[in-house]
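Presented sequentially are two complexes of chain A, the first with chain B as partner and the second with chain C.
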Partner chain A sequence: MARAVFHPRSAYAPSAGYRLLPLRFGRLDEHAYIVTNDVGEYVRLARDELVAFLERRLDSDTSVYKALKSRHFLYENDSSVAFDLLALKYRSRAERVAAFTGLHIFVVTLRCDHSCQYCQVSRQSEDSTAFDMTVEHADKALDLVFRSPNEHIKIELQGGEPLLNFPLVCHIVERARKLNEDHRRDLQFVITSNLSRLSDDVLSFCKEHGVYLSTSLDGPADLHDGQRPTRGGGSHRKTVEGIHRVREVLGLDRISALMTTTPRSLSRVDEIIDEYVRLGFHGIFLRSLSPYGFAARSLVKRYGVEDWLDFYKRGLSHILRINAGGYFLREEFTTILLQKMFSPLGSGYVDLQSPAGVGIGALVYNYDGAVYASDEGRMLAEMGDQTFRLGHLDEHSYEELLTSEALLAPLGETILEGMPMCADCPFLPYCGADPVFHRATQGDAVGHKAFSAFCTKQMGVLRHVIGLLETDAEARDILLRWV
Partner chain B sequence: MLVKLSARGLRALSETSRAPFVARITETPALPEAARSKLLLLLSGEASDFPPGFRGYLLRQAARPLAPKDTYLLGADHTYLRDGDVVRIDPVRGTVSALYRANSRSNTFLVTERCDNFCVMCSQPPKDHDDGWLVDDIERAIPLISPDATEIGITGGEPALLGERLVRLLVLLREHLPRTGVHVLSNGRRFSDAGFARAVGDVRHPDLMIGIPLYSDLAEEHDYVVQAKGAFDETVRGILNLKRRRVRVELRFVIHRETVERMPEFARFVAKNLTFLDHVALMGLEHVGFARTNLEALWIDPVDYQRPLREAVLTLDRAGMATSIYNHQLCVLDPTLHRFARKSISDWKNVYVEVCQTCRRKEECGGFFTSSAVKRSRGISPYG
Partner chain C sequence: MRAEDPGADAPFVFRDGCIGVTVDVRAYRLSAVQKTAYRLAAKCTAIIGEVREHSLVVTLTFSPTTGEREALETARLFFQELLDQELREKVGEQTASLRALILAHAFSRTSLPPRG
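Up next is the complex of A and B:
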């Protein structure tokens, strides 16, 4: 073999100079800045690096230059494949918009046997059927469900306490499955219940039809029972019993729990988390209280978003400790944000989409036949604000509902890329629009982000999580396992 | 690496054909006459007669005179030949070469030695000459291969330089061997032509995988390793085009001193941009070809790259990508990586060293390439 001649690295070096690709930047914390792009890539860098980069004089030998190039923040004349890859990633992330409505919420009754402080809508008259959805409305709603082109359809049966209207729950599940014999979607059911009415009938029905359950668990017994009173008490005990029975009959993964943070929860985040671990859960969603419903409004006034952020950060570090100790537990809100950062498809969480997930992410069929663009939109309506009411099952067709001004207006207004402040915000690819929240708090679907608790929360959580990812290797290792 | 089985040592015992020919070997003399014309009858014992009608005859032992046309005596190197093998006979040069071996799990066809890359660690250094005859033979061989064959590899050089001819080869494989997996090793550049990628996709081969190497997340780094400016862009576009046409693509990454540094960033890039790939193979260096020539510059002890390797593998795994590590001895791999380690399928090229004799995990371990005796990791130590 003739002696092969190899050329040195320098022979392949790009020609001098680079150009910027679309990006946003901002301050991450006291020490660093962050640049992000539309496909969710980010680079953390120092201020002087950022300035040099933007002034197009960053040295190509530096590791930050290579990171910026690898993640498609800049390109050189020699290579243009970055455009192909950016386009592909953008399309993958945006595909969800075309997939259309995946979540369909049926409010089968407003009746409930609990009288939770923060509940927006339930009625305690347990025996008045005036607050039950009728079979006719359920059938009409199911027809709409299958009008959605989405391959993955999730039907959530909600209340009030949906098991108080169990016959309708059965009807909806059975009929949906029957209709699906033709439609052949990936169909999932979940009942959101306080489990007080969990009977053998309910369990065997869920087993037969593969129905999931979701319940409320606010923490240890005294905290839980304090904020979730029932006639006769003992909500916590019944919930825990219910969780165990569901697991026995249906399997471990078939039940999940949600918590709500009230002023009383604020000082007790470790205990709340420990309660989830004690009950064998591997996920916990540290949720803030929504400002809907009369009672909730007064509760919200008693703690601010800063209090919640502090609660969240303490909680997250407790959760990370638990993971480091060998027990897998993920915080669901953080996971959603991590998916937006690291998963090619982003996250489907309806409350953090651009445009907002109203209508195109979720539809709500209320007990009275009214159709809402989101669950929070229905709650707002209970307070007298009908902004997110799209129409009524008896009066409007699918086309009319989904092209109603009540839907098109907020969709048009909530494309983050065009919203004041969001348009320039580095956190945009990991954020979303919440028109109902801003309508409820500022009287306008867009709102002014400088005064928005939603925005403060987003920025606070994202800064904290990205800070951990970038400066704490052990935390990063754990966090990435959640995606 | 390719099986080089074309040792000489064929002695004609009768009048021979003038041109080289391709035929399948059979050891069944009683085959119906109508089925004989394309087969070479291999006779092991002291056959006393020659059943008529075969394309030719191969004898393991010298036989009587009066042999029919194209009767040859096999040299001692050819004891491996057996029923079902497909061989090329060159009467003039007196050679026999096995194109296909029935008892091997995986057979590889070298379709050209030309290549438009010139990788610093190429195991099969390219030669720039007209070697179209290679494909001629393969096209003749394919219809003779048993449809039970498990897997056929297509390698080069750069197979995609064959252009339309590669497409025809894939069609031929699909028609004659629909149950046989086909694995093509390509640098991917030619598939940056969307029309060509589409043509390959349109073959609709039921079990085709194209293995394409990518060595960095940065164009200039990849271009340097493959010694071709602009190769990175073409390769990435080639991959995208093939995936658009639903062709399965495996990414191949060879770990050596010139690629190791950005391995974690590379994995991040792949997980983010090329998540849809069907498999990622991370491979240790084989000490053959240019890798041997450049071994001093390329060698890095695997013990010294376990951290970046681990980070890379976990990044890919977390993204849900099927990831495998090849050509690594178990004892040099970080224990968390053992579940990704694959024993190379062509076990004929694996050997073990003295200390392996006592090793409890020798069965699971891929051992060493016969060629890797040159440099050995200081991490080799048997499991007790």
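Up next is the complex of A and C:
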């Protein structure tokens, strides 16, 4: 019987050193650097390890070497496996661009019964039907929706308060479903509502057509009502009643809520989070204010990005404690970033894409028939800046809208790999471009990142989250469960 | 690298709202200096001068509200960042063709670019 002969371990050692694969690096904190690659892998290193690695003198027996090799930052000269894996992973992450527009937002009315201080649209009083979308425009918009090749289509019905134009909501949902008998897409509907007009008719319609609801909840009653005044008061009470009714009739997972951080929220993050837990939510999005629309500009000036970062870090710490106590609650912005780090497909969050998600991630059909490249682009237009207006449903075809200069220019400018500072930034694979934010704050779609609150926010959050992942084992366990 | 004033005890001298620094272009390439200047634009304006012999004079200009301590810290950061930028340039040189190869490989079996 032949005896098996094994080579000694040394026979499998790299024969002629290693070579670098494409990477970016930068400071993570005072003590450490981070290297990342195009597919979102990362390794944390001390500076001397980084320099040794880049100068190709890292010892192959070290744990750092093994981490860098397994995550495709180096390859040994006799292997091409890393190339195949990197190409495959890159293609998976880029597939979203080819899928094209998945989110279609219909602004069915600008009318609203609330007068929120941070409102991002120019709300109109409840009886101004001149600010309602017409059936003709809704039908034209639906025809455009199904021109998108995306297999997964989400139609978001918003306003103003969309339930003030409920007949049009019904028309859009019913006609979309009818059209989808031929198109056979994975079709989903969401109504973004303050729930003040939630009725049995609305609930039974939503049940029949599988419609989801999304609402605003800013925290405890005094905070919420102070920020979201409505005639007769009681916005918080109505919202909470609405949440319970939706869950009772449609099911627990049929409603989600969003909060907006105002100067008044900053000192109350724990209470805001506790309110979400009290109401049985398992997700909360600690959203900063956007610099668009009604009174947002003046509010934005009342707190800086560093104030929000402090709010976020305290909030995340509280959320981690809640999870450690046995209640599952994830912070949604953190989850998006974690998906970009650890999911092979990244995240589809429209506001963090490269190129930017404008147009190819979302399209907005305004009440007046105008078509915008994003919801924020529509808000900017309400302030008089039409940069992101692609055209009009009465005047332009799908091809004309999607090849308009208003779309192609920001798409061409917002590929992060070609943007100053972003091109070298280690956080690039976890980030995205926000041309509307930079247009609003700096007057151009790219913006100078050294002056960008968007960039400061992204880097602040990413440094904090990666710091937790690398130095706090319990936090890491919890965070990875959110992906 | 060295401060412009060779007689100074401190490595940098803050005078009239400016710090002058000299970069040895044999150690750092111009693109690294430019990227460093861009990255620090919120802290100072870097006026990049002419290259003479092997030296490039860069004047870091600060706003009137910037104090000496902050300005000196920015000058220190300038050279820290310059070191990183120079390393990035070297890594870019070594890996640019590999990145192009990986991207070409990634899209070689898709309809991007369009088939003829």
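Basically, the second predicted complex is superposed on the first by the 476 of 483 C-alpha atoms of A that agree within 3 Å, B and C clash if a C-alpha of one lies under 4 Å from a C-alpha of the other, contacts with A are read in each partner's own complex, and residues count from 1 in each chain.
Keep this in mind: a residue touches a chain if its C-beta (ideal position, glycine included) is under 8 Å from a C-beta of that chain, and two chains touch if they have at least 3 such contacts.
Quick caveat, the model's predicted, so the values are computed rather than measured.
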Once the structures are superposed on A, label A:V483 by its partner contacts, choosing first (chain B), second (chain C), both or neither. first
Just to be sure I read the superposition right, which of the two partners does A:K66 touch: chain B = first, chain C = second, or both, or neither? first
Contacts for A:D78 in the overlay, against chain B (first) and chain C (second): which applies, first, second, both or neither? first
Using the touch definition from the top, say if A:L88 reaches chain B (first), chain C (second), both or neither. both
On the A-aligned overlay, A:H448 touches which partner chain: chain B = first, chain C = second, or both, or neither? second
Have a look at where A:E41 lands relative to chain B and chain C in the superposition and call it first, second, both or neither. first
Based on the A-chain superposition described above, do chain B and chain C contact any of the same residues on chain A, and if so which? 84, 88
Given the complex with chain A, which residues does chain C contribute to the contact? 35, 38-42, 84-85, 87-88, 90-91, 94-96, 98-99, 101-103, 105-107, 110, 112
Report the residues of chain B in contact with chain A in the complex, numbered from low to high. 118, 120, 125, 217-221, 223-224, 227, 229-230, 232-233, 236-237, 240, 262, 265, 268-269, 271-273, 275, 290, 293-294, 314-315, 318-319
Under the definition above, what is the set of chain A residues touching chain C in their complex? 19-27, 38, 51, 54, 83-84, 86-88, 90-91, 94, 98, 420-421, 424, 448, 450-451
Give the list of chain A residues in touch with chain B in this complex. 1, 4, 6-7, 9, 11-14, 41, 66-67, 69-71, 76, 78-81, 84-85, 88-89, 342-344, 480-481, 483
